[in-house]
Structures are given as C-alpha cells and as structure tokens.
Amino acid sequence: MTSTTMPMLETYPAEINLDRAKLAATIDAIVACAAACTACADACLSEKSVADLTKCIRTNMDCADVCAATARVLSRHTGYDANISRTLLETCATVCKSCGDECGSHAGMHEHCRICAEACRACEQACRDLLATIS
Amino acid sequence: MTSTTMPMLETYPAEINLDRAKLAATIDAIVACAAACTACADACLSEKSVADLTKCIRTNMDCADVCAATARVLSRHTGYDANISRTLLETCATVCKSCGDECGSHAGMHEHCRICAEACRACEQACRDLLATIS
Amino acid sequence: MTSTTMPMLETYPAEINLDRAKLAATIDAIVACAAACTACADACLSEKSVADLTKCIRTNMDCADVCAATARVLSRHTGYDANISRTLLETCATVCKSCGDECGSHAGMHEHCRICAEACRACEQACRDLLATIS
Amino acid sequence: MTSTTMPMLETYPAEINLDRAKLAATIDAIVACAAACTACADACLSEKSVADLTKCIRTNMDCADVCAATARVLSRHTGYDANISRTLLETCATVCKSCGDECGSHAGMHEHCRICAEACRACEQACRDLLATIS
C-alpha cells in the first residue's frame, strides 16, 4: 500500500492554502515519524538496558502523540486557520528535535534508535520547511 | 467513575516538577474539553444546518486531537522536559481559544456549542494557569 | 471541571439508539480508564523495578489507545451502526480485562497499579453492561 | 520519507510472534487507511452536498480512530498477547468493511471517496490476512 496523501490532496474539492506537494511530503514525514516513535518506544522496552532508556521511551511516546495530532490537523483544510497550523508545526518540530536528540544519543547502541532519530530529524525538517511557507 | 488523575499523580514514584493539584486540574480540564469537542463535532454533523457548521466541526476535531495529545504528554513525568510541556500548553491554549470562539458564535443556536465553548474556555484558562507556573 | 458527557448527550439534536444515562456512564468510565492507563505506564517507567514491569507498561499503552478510540466512537451518534459499537465494546472489554489482570498482579507492590486495575475493571464492566443493551 | 515499519521490525531486539513481512504490510496498510479516512472526512465536509455525506464523515472518523489504535498495538511486541491482536484485527476489519462500503457508495461522485474506499478495502484484506496467521 503506497501513501494516498497526495491523491487525497489532489481530490480535495476546495482550495488549499498551502503548496500541495510540500504539504503531502510533510504529512508523510510526520506519519512516518509517529510510526517510528511508537515502534522505538516498544523496542527500548524490550532492551535489557531498559532502565537506561526510560527518558527515551517517554520522549518517543510524546513524539508519537504530537505527530499523530499534527498529521490529522494538517490533513484538514475546511475552515483553514493559519494560526493553528503554525503553532502546531512549531510544537511538532520542537518535540521531534527533542526526540531526535534523545534517540540520537543511543544510536550507536541501538539500531532502532538510529532509524527513529533519522525519522525525527526528517520530520523536524519537513515541519520547518512547511512553516517557512506559512505567512 | 470519578477521575483518577489526582490519585495517580499522588502515587507517582518520583518527583513531579509541577504543582500536583494544579496539574491534575489542568489534565482534567483538557480531558473534558477533548470529550466535549468530539461530541460537539458529531452533534453539529446531525444538525439540519450542517452546511453552516463545517468550520465548527473541523475546529472541534482539531481541538479534540490536540487536547488528547496534550493530556497524554502532561500525564508523563519521567524524563520531564519543560520545553515540551510549555510549547504544548501554548498550542493547546491557542487551539482551545479558536474552538471556544467558533463554538461560542453558535452558542445562541445550539446548546451543544454553548457547552463545548465553555469547556474550551475552561481548558484554555487551565492551560494558561499551568503555563504561568513553568519557569 | 466536571464531565460534560451527559449534558452533551442531552443536547444531541437527533435520536440516540442507546440509553443516554448508561451510555454517559460508559463513556466516562472509558475516558477515566484511558487516563489511568497513560499515567500508570509512566509511573511504571519510573519504578526502580521497571525491568519487571515492561509487560505492564505495554498493556497500559494498548489499553489507553483502545479506550481512546472506543470513547470517541461511542460519542458519535450520526449514522449509528450497532455492529461497530458492539465489536468495539467487546474489544475494549477484552483489553481492559487483560490490563486489569496485569496491573492487578502488581497491585500489592505499586499503588498506581492498584488504582489503574480498578479503573480497568470498572471500564470492563461498564462496556459489558452497555453491550448487554445492544440488540 | 519512506516507511520505516520494516526496518523498525528488523531491529526489534527480541522475538516477534508474527511473520515480520506480513506484519509490516499490515501496519502500513492500516496507517495509510487512517490517513485516507482523516482526509476523506474533511473532503466530504467541504463538499456542497455535505448534508448527504454525514454518515460517511462519521464512519471515516471512526475508521481513522480504530485504525490508529490498531496500528499502535500491532507495533508493540513486548509482552505479546495474541488475544488482543486478534480481537483488534477483527474490529479493525469490521470497521474498514463498513467504511469501505460507505465510501464506495459515493465513489462515483467523489474521487476522494473512491480512493478512500480502496484504502479501506486494502486495509480490511491486510487485517484478515494477518488474522489468518494468528493461531
């Protein structure tokens, strides 16, 4: 199953106040980050060194929750409010930065943290790129 | 079933960097707001005037999603990061203000919008009160 | 902030195919259970014995997610489909039973697990009570 | 950003009781379905014929919520409980069937409903395929 984000944006029946390709890329990066963080929290939970990974698990859970909410809000265009998109993108970028740093600090030990850190950084960047286009 | 927010905070086995009573009140206000917004979106959907309520439905859905994520993050204290709590509380207050204004504008016509607007305003205020205590 | 579940049900503008008082009690029990499970997962994460609580943390997270989805679905009445309510209530009861058993097994050691187990059992019972009324 | 589902499964540090390739395909189908349903609910909300699409919007929202919870639960392997995976996959398939039928009935009129119906059917099938492997 490939992503339907772009086809769904293309068939939206009214105007969208953001560049559709950039928006689709951002939504996909956020959805991928949420999935990676949920998986990473669980992988950390199964490590023998779980006691050293509790902050990582917590940050992963926060990041998954914030990304999930952000992806949903960005997928709605009816009654668009730039303020809400902006504040949520900033928050999402902040949380992804935090989670990317935390997972990044375990990347040498745990491959799942390395992959998750990459997903967080890609997501943070995508959020900032989209933010830059919102006036 | 009464809220277990305060008992859960009281039995948390480590330090919490925020005032527990204020934190519990905020979490409860956010959870109540999320529930009201989910219900209000659906009530609007069943109004004959649904075509005039599409922005309200959308804002309700955004508010429910952002409140759900915020309540979860605030319920975690392991590896506490003041930056994340702060940015999320600000975002939650912004979205609640938006939804409270939108629902408030239909409050004279629809009781569910009136109740939901109140829940949004109480939640916005609770978020701002807690924010003021985070240095 | 008290629950707005019952007032929201009372102001829903169309028919509801379930007993409103029983439905409100169930939604409130599910919402309380979701909040308790989110908090219990984090409290377990901060216990020194976290390595012995990984299954509990995982079950708490599952239960929080399933309860959150169930509360939302039950809060919608537009285009009601008894099949969906029924299957979701059964699933929610199953997951709450599992989580109640798991948290219950740590109740002697951790007060947060004891409180959470109670919330899970109350939620399981509420789901089964509502299920019994859906033909 | 491509899906990290398979790489995350491959780096999970313990046993997984399901076929990893089939599990990854199912999680990806569920995540794609959740995203399509969130977008379809909003697209329906912006149609001039929104009053004829209220059941579709509601079913889309239910399907998005149930898929989101199911994807998260399937992404966890710590303390695996076949009962929970099974009941949730059955529920997810039921809700996807319902949403696929509802969106399918508007597919001739609205491209977003056609795409969403396809995502729902692919997700339903993926859930049933995975279910067949759980003893």
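Chains: A, B, C and D, in written order; residue numbering restarts at 1 for each.
Criterion: a residue touches a chain if its C-beta (ideal position, glycine included) is under 8 Å from a C-beta of that chain, and two chains touch if they have at least 3 such contacts.
Just so it is clear, the model here is predicted, and its values are computed rather than measured.
Asker: For the homomeric pair subunit B and subunit C, should the interface be classed as same or different, according to whether the shared residue numbers exceed half of all numbers used?
Answerer: Comparing the two copies, subunit B and subunit C contact each other through largely the same residue numbers, since over half are shared.
Asker: How big is the gap, in whole Å, between where the Cα atoms of subunit B centre and where those of subunit D centre?
Answerer: 27
Asker: Provide the C-alpha centroid distance between subunit A and subunit B, rounded to the nearest whole angstrom.
Answerer: Distance between chain centres: 21 Å.
Asker: If you look at subunit D, which of its residues touch at least two other chains?
Answerer: Expected reply: 42, 45-46, 54, 57-58, 61, 68, 72, 76, 78.
Asker: Taking touching chains as linked, do they make an open path (line), a single closed cycle (ring), a hub with spokes (star), an all-linked set (complete), or other?
Answerer: complete
Asker: Would you tell me which residues of subunit B are touching subunit A in their complex?
Answerer: 54-59, 61-62, 65-66, 68-69, 72-73, 76, 78-79, 81, 83-84, 87-88, 90-91, 94-95, 98, 102
Asker: Which part of subunit C faces subunit B closely enough to touch in the complex?
Answerer: Its residues touching subunit B are 1-5, 7-9, 11-14, 25, 27-29, 31-33, 35-36, 38-40, 42-43, 45-47, 64, 68, 71-72, 75-78, 110-112, 115-116, 119, 122-123, 126.
Asker: Across the complex, what residues on subunit B touch subunit D?
Answerer: Contact set of subunit B toward subunit D: 41-42, 45-46, 48, 50-51, 54, 57-58, 61.
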